[in-house]
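Below: one structure, written as structure tokens.
A, B, C, D and E are the chain letters, set down in written order, and residue numbers restart from 1 in every chain.
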Amino acid sequence: MISPTEVVDIVLLILLAVTGVAVIRTRNLFAAVMLAGIYSLVSAGLFVVMDAVDVAFTEAAVGAGISTVLMLGTLALVGYQEHEPRHTPLLPLFVVVLTGGILVYGTTDMPPFGHPENPAHQHVAPHYLEESEHEVGHIPNVVTSVLASYRGYDTMGETAVVFTAMVGVLLLLSRGPLPRRVHHNGRWITVRPGTTREELEARMLAESGDEPEPVDGEGARG
Amino acid sequence: MSQNLPALLVVVPLLLAPLAALSGRAKIAWGIATAACWWTLYAAISLLLRVQESGVIRYSLGGWEPPYGIEYRIDLASAFVALIVAAIGAVTIPYAGTSIAKEVSEDRAPLFYTAWILMLAGLLGIAITGDVFNVFVFLEISSLSAYSMIALGQDRRALTSTFQYLIMGSVGATFIVIGIGLMYVMTGTLNMVDLAERLPMVESNRTIPVAFTFLTVGITLKLALFPLHLWLPNAYTYAPSAVTAFMASTSTKVSVYLLLRFFFTIFGEVFSFEQMRLNMVLMPLALIAILAISLVAIYEVNVKRMLAFSSVAQIGYMVLGISFGTVLGVTAGIIHLFNHALMKGALFMAMGCVMYRIGSVQLDKMAGLGKAMPWTMAAFVGAGLSLIGVPLTVGFVSKWYLVQAALAEGQWFVAGVVMVGSLMALIYIWKVVEVAYFQEPDPDHEIIEAPLSMLIPTWVLVIASFWFGIDATTTATVATQAAETLLGAMP
Amino acid sequence: MIALGLFNYWAVIVLMMVGFYTLIARGNLVKKLIGLNIFQTSVILMYVSFGKVEGGTAPILIEAAEHGAEAAEPILYSNPIPHVLMLTAIVVGVATLALGLSLVVRIKEAFGTVEEDEIQSASL
Amino acid sequence: MDDRVILRVGAKILIPFILIFALYVQFHGDYGPGGGFQAGVIFAAAFVLYALVFGLGNAIKVLPPKAAYFCGAFGVLLFVGVGYASMALGGEFLNYSVLAHDPTHGQHYGIIGVELGVLITVFGVMVALFYAFAGRRRLDR
Amino acid sequence: MSEGWIIGLTVLLPVIGAMAVLLLRNAPNAREAATLVAGGATFWNVWGLLRLVQDGARPRLDLLEVVPGVHLAFEVEPLGMVFALVASFLWPVTSLYAIGYMRGHHEENQTRFYFFFAIAIAGALGVAFSANLFTLFVFYEFLTFCTFPLVTHHQTEEAKRSGRIYLGILLTTSVGLQLVAIIGTWVLAGTLDFRTGGILAGTASTGLLSGILVLYVYGVGKAALMPFHRWLPAAMVAPTPVSALLHAVAVVKAGVFTVLKIAVYVFGIDLLQTLATTSWLAWAAAATIILGSLVAFQKDNLKARLAYSTISQLSYIVLGAMLANDLGIIGGGMHIAMHAFGKITLFFAAGAIMVAAHEKKISRMHGLGRTMPFTFGAFFVGSLSIIGLPPAGGSWSKWFLGMGTLEADQYGLLAVLMLSSLLGLYYLIEVPVKAFFFAPPEDAHHGEGIKEAPLPSLIAIGITATATVAFFVWPDLWYDLMTMVVGGAP
């Protein structure tokens, strides 16, 4: 007999599939980003159905929130339209079908979805559910006690990952003074920050008429 | 402090990384990075000595007993790999001080060194952790920092190659996560030792072979085994010199270590080799990597790229050793981890010196460098001899064990391929030697020797690659013991 | 939900493959990252499915007093471990995404395009 | 600019509530869903909203990029620092039980500390990321 | 000083000499004096060791353990003594010769030349004294690499090409075949030490051991068994003293010495006799002997002719080893010495002609004997030794080799030896005969301004030519040593 939650589960999964396929099909990147946001939001819903409220919360905040904002910010810089694919997608299709096939093969021996007797629910998890109250203290949300204490080291690593991402993005994107555009002999020239006057004059003399290569923003905000 | 040493090995860099980020000055950040690298070298050496003396060290992070908490579990293999990473870090950081000052703008340098420290911490974390999910977390720390450093290369293609690396690396990491999930669902644990105990109960199950497959594919993506190596040549070619040297000597090594850890400690060699017939897959791939990729290297005219392809081929050697599944083979693999780190580090550093002075590592630009930069090119030749496998260099020791492992299995053909591979290395190394020593330099360019701050670290590695080739008993003993531990031949 | 059997896993696998396909088949770098995002979200879905316990509730302990009448029977909770792991994975995912996007921005500035084949022809 | 009045007023009213909600998420993490990470994201979202409505320039005045950057690094320091504190008091790294006489109290302090570290880092990083992307102008325009 | 350290010092002395050469690079006279002093000292040391060996001692020096179970170690035994004597004696002699040649020919980079020359001798002595296969391999490769700068001394395109062939063939064979065989030996026998009677007996099927033997014999590329002989003529682009020492003495003899050593101390004569590939390899050597002679026959360039003659003569020694009996081994061992002295005389003469008359082609040397009688006289003596005619030392080694073929009932091989000597008679004796008795070519100016080579060179030629004759009268030194090798009383 199918229970109401199962119906919700199935409906959400179908919704996800539809969204996913729509992402593949659309050539409008703006739409794709939005659909990806929706995908995150719907999966957040699915997480709630599967009792993962913390994950749902985070997925909603990150997947639908931050990720979407970042992607939109990027699109504003790189344009909204995707080109027609030029090669036949046979190889990717093969890889995907193979990977999926292997995974499906792997699931065939798995205990049924949601069965309380699954080995995963028998070994370490019960310890957390039963003992965290004594060991960690009164923190009803077991996810929090596992996250911050039992597996606190992972969380520290996760914080470090976030920090690493910031370091990386700032290395790539930060810049100090923007390159200037200088008008010279009826043409505009882009000048990197830090160029001295002598260099500039020498370059103007040497300039043969080509538009200079795109400028790399050197210098950081700190 | 000493009982906390396992944690300190990793968390001292993790403490220093944000400090470097906040320092705001290139010099200070470099100083902090140097401190981090040298500290880890000290800690790694002490840990290795302690493991040799008193066996496996276990350290429960957060005080929670495994499998409830995360533990650090340091056996000889992990201590050895940690030592490799730390040693290379300690040698390359003085070098980076000079080369990065030229390749990366001053105001980005603090962030650069922060990324450097984070990468170091990530790699060390992978090497000593005893928890599979923790592996993933630290893998991401090291990968993300590697991406950001590679992207700083001066050529714009650095950006695209980083992107390619990011995509392939993320796919690899996701595959690893899938594999971990499948293992978890069948066993309910994430602790390596616990997994090793519980997996045999469910091995006949279809899920575990699939988990094994996903982990193997994921890790081989990270370690750039043919044919999943596509990201590596580009990334190594366009990254800043110091980063290439550091990465080439450490990050793929750590991935190889992971492969060992999963194959032998977690799944066990019986499952990996008898049930999954791993050698049927790994050995052909390794052999193709050795032959085909060496051939590609021969026709390459950008020397950094040539060396990068050579790295892919050398990874083939390591995987080949592992694919025998014997103590001798795994010893060969482990010892080549160390040896290749020394020689490839030195080679890339020599090329960094060339880059520093002439701004290019194209073969035709290197004419006459043997006279103009005698020490740099001598270092290149020295480390190159090692790559070829000339006796009394570390490269020979690797080959010695690898061929021995092959012959012990009666695989004369494989032994032949190993030798052909080293002869191909001779060809591509010699191409550089001929250009540098037999062609007249361009008289228009005044080229002078690289600065000492870059030459000395390079030579440290070159000398080390001879030292450990002349007296390989220490490394060989450690590698053999590590292999025995991994294969369970020793308690 | 046991009635669903393995269907849930299979559906999740299909979703994963949709993301994976977008990732490897598409030439637009932004689209690739969107694919990666979907791929990773679906993996999270898989993990969370692993943690689900039929008839269970979110792993937030309920006080005996609130629990009241049903005290005789132990309460079933869903498995918290996959949740914890996936919180980390989400964060790692967004970190990777941010770095990837900043690369895309720089690539656009350096090559004038974010289409893979055009970049390739531009860098020759 | 007149057509944005409603937006501005709305935002002005909304932002304090978002901040309070973030704090709630942070400190209610022990009892319900939530914690440092989610709270950090929400905090950052408040800032992003402010920046979108009042302009990047104004947002930078409220929270300079350097400050966001500092937060990103400081949170990590705080987290790691809690680990060192427990080490200094004789426990293993991140063993909060030694932070107070009663182990469960210690655990509690530790968890608050590291959650705060997570909050600060995530907030700082998210804002810094936003600044980095938003501050990058298209060159071909 | 213990005996062991004398070995160490002996190997080290050339290196010290090399360092001195480097230090004295700005003072040519002092530089060359340093070479000569080091050469003399080295020979003196070897002579001291010879006394010990003749008394039945086996001095040994264990340097270090490279990988567990594998040592870098020296041990002096009679066969190694033969090679060491040859190399250490001919080094100062060749240096003497080189002083005249290099100055007379105005060669560049003379310091580098003397430096690597000395280093190469250290390599050769290391090969001679090695106590196990590993040490032998180390010095074998070392010799390859440190002679590379000598081969490519002129740094021209041609030198570069030749260098490629040189390095390519020597490394391909040694790494691709020899090293595999060595590691195979290690896996089978668990040791790499040289032991009388061999270490491989009974460790594996004769089929496998036969295969390993093939790997060894072809893997020692320096023995120049066809088809791996191309490096030798290619290396002739080097200055003549290099060709003389390295390609008549150090490098090529390191090759055949290795073959002999492996035959005697790794396989053992008893085991060799049971292997299927032994006689097959003997015939491969025979083919090289004939083919090498035939090619030499056609070369007009004197150095090229000598090179092919060397290829042919080296296979005598391989053949001796593959005969797998005492006489063959004795003959092979003696031929190391006899051929060395004979061939180096020939090379010296060729170089002298080049310095004095600037002629490389035999056809242009007609009549030159009248202006350079001493040189061509020495050439004649050397030729006799190579062909195996009295009164030159070569006749003894050929005699024993011939006896060896009879002992092995290989009459066909005996015929090969005969035929080759006949060919040699023609292609070597042709040179002095035409030089003395033929009229010079019309455009040559042999009479004008050409005299004998510089004095140091002449002295060197005189020494080697005299020695060649002397060994006919007193071959006992070599014979006694080789008898000890095969287990007879000294």
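Definition applied: a residue touches a chain if its C-beta (ideal position, glycine included) is under 8 Å from a C-beta of that chain, and two chains touch if they have at least 3 such contacts.
Treat the numbers as computed from the prediction; the structure is a model and nothing was measured.
S.K.: What chains, if any, are shared contacts of chain C and chain E?
M.R.: Chains in contact with chain C as well as chain E: B.
S.K.: So using the touch definition from the top, which pair is joined by more C-beta contacts, B-D or B-C?
M.R.: Ranking B-D and B-C by C-beta contacts puts B-C first.
S.K.: Roughly how far is chain A from chain B, going centre to centre by Cα mean, in whole Å?
M.R.: Between these chains, centre-to-centre, one finds 28 Å.
S.K.: Centroid from C-alpha atoms only, then distance chain B to chain E, rounded to Å. What do you get?
M.R.: That gives a centre separation of 44 Å.
S.K.: So how far apart, in whole Å, are chain C and chain D when each is placed at the average of its C-alpha atoms?
M.R.: So the centre of chain C lies 23 Å away from the centre of chain D.
S.K.: Which positions in chain A are in touch with at least two other chains?
M.R.: Residues 53-54, 58, 62, 66, 70, 73-74, 77, 103, 107-108, 110, 118, 120-121, 124-125, 128, 140-141, 143, 147, 149, 151-158, 160-165, 168-170, 172-174, 214-217, 222.
S.K.: By residue number and range, which residues of chain B touch two or more other chains?
M.R.: 14, 17-18, 21, 61-62, 64, 133, 137, 140, 144, 147-148, 151, 156, 178, 184-185, 190
S.K.: Pairwise, which chains touch?
M.R.: According to the stated criterion, the contacting chain pairs are A-B, A-C, A-D, B-C, B-D, B-E, C-D.
S.K.: Given the complex with chain C, which residues does chain D contribute to the contact?
M.R.: 31-33, 37, 122, 129, 132-133, 136, 139-140
S.K.: Using the touch definition up top, name the residues of chain E that touch chain B in the complex.
M.R.: Per the stated touch rule, the residues are 64-68, 70, 72, 134, 137-138, 141-142, 145, 152, 155, 159-160, 164, 167-168, 171-172, 175-176, 179-180, 183-184, 186-187.
S.K.: Could you pull out which chain D residues touch chain A in their complex?
M.R.: Spelled out, the residues of chain D in touch with chain A are 25, 29-35, 37-38, 41-42, 44-45, 48, 65-66, 69, 72-73, 75-76, 79-80, 83, 93-94, 96, 103-105, 107-108, 110-111, 114-115, 117-118, 121-122, 124-126, 128-130, 132-139.
S.K.: Could you please specify the touching residues of chain A with respect to chain D in the complex?
M.R.: 53-54, 56-58, 61-62, 65-66, 69-70, 73-74, 76-77, 134-141, 143-145, 147-149, 152-153, 155-156, 158-160, 162-163, 165-166, 169-170, 173-175, 178-179, 214-215, 217, 221-222
S.K.: Report the residues of chain B in contact with chain D in the complex, numbered from low to high.
M.R.: 4, 7-8, 11, 14-15, 17-19, 21-22, 59-64
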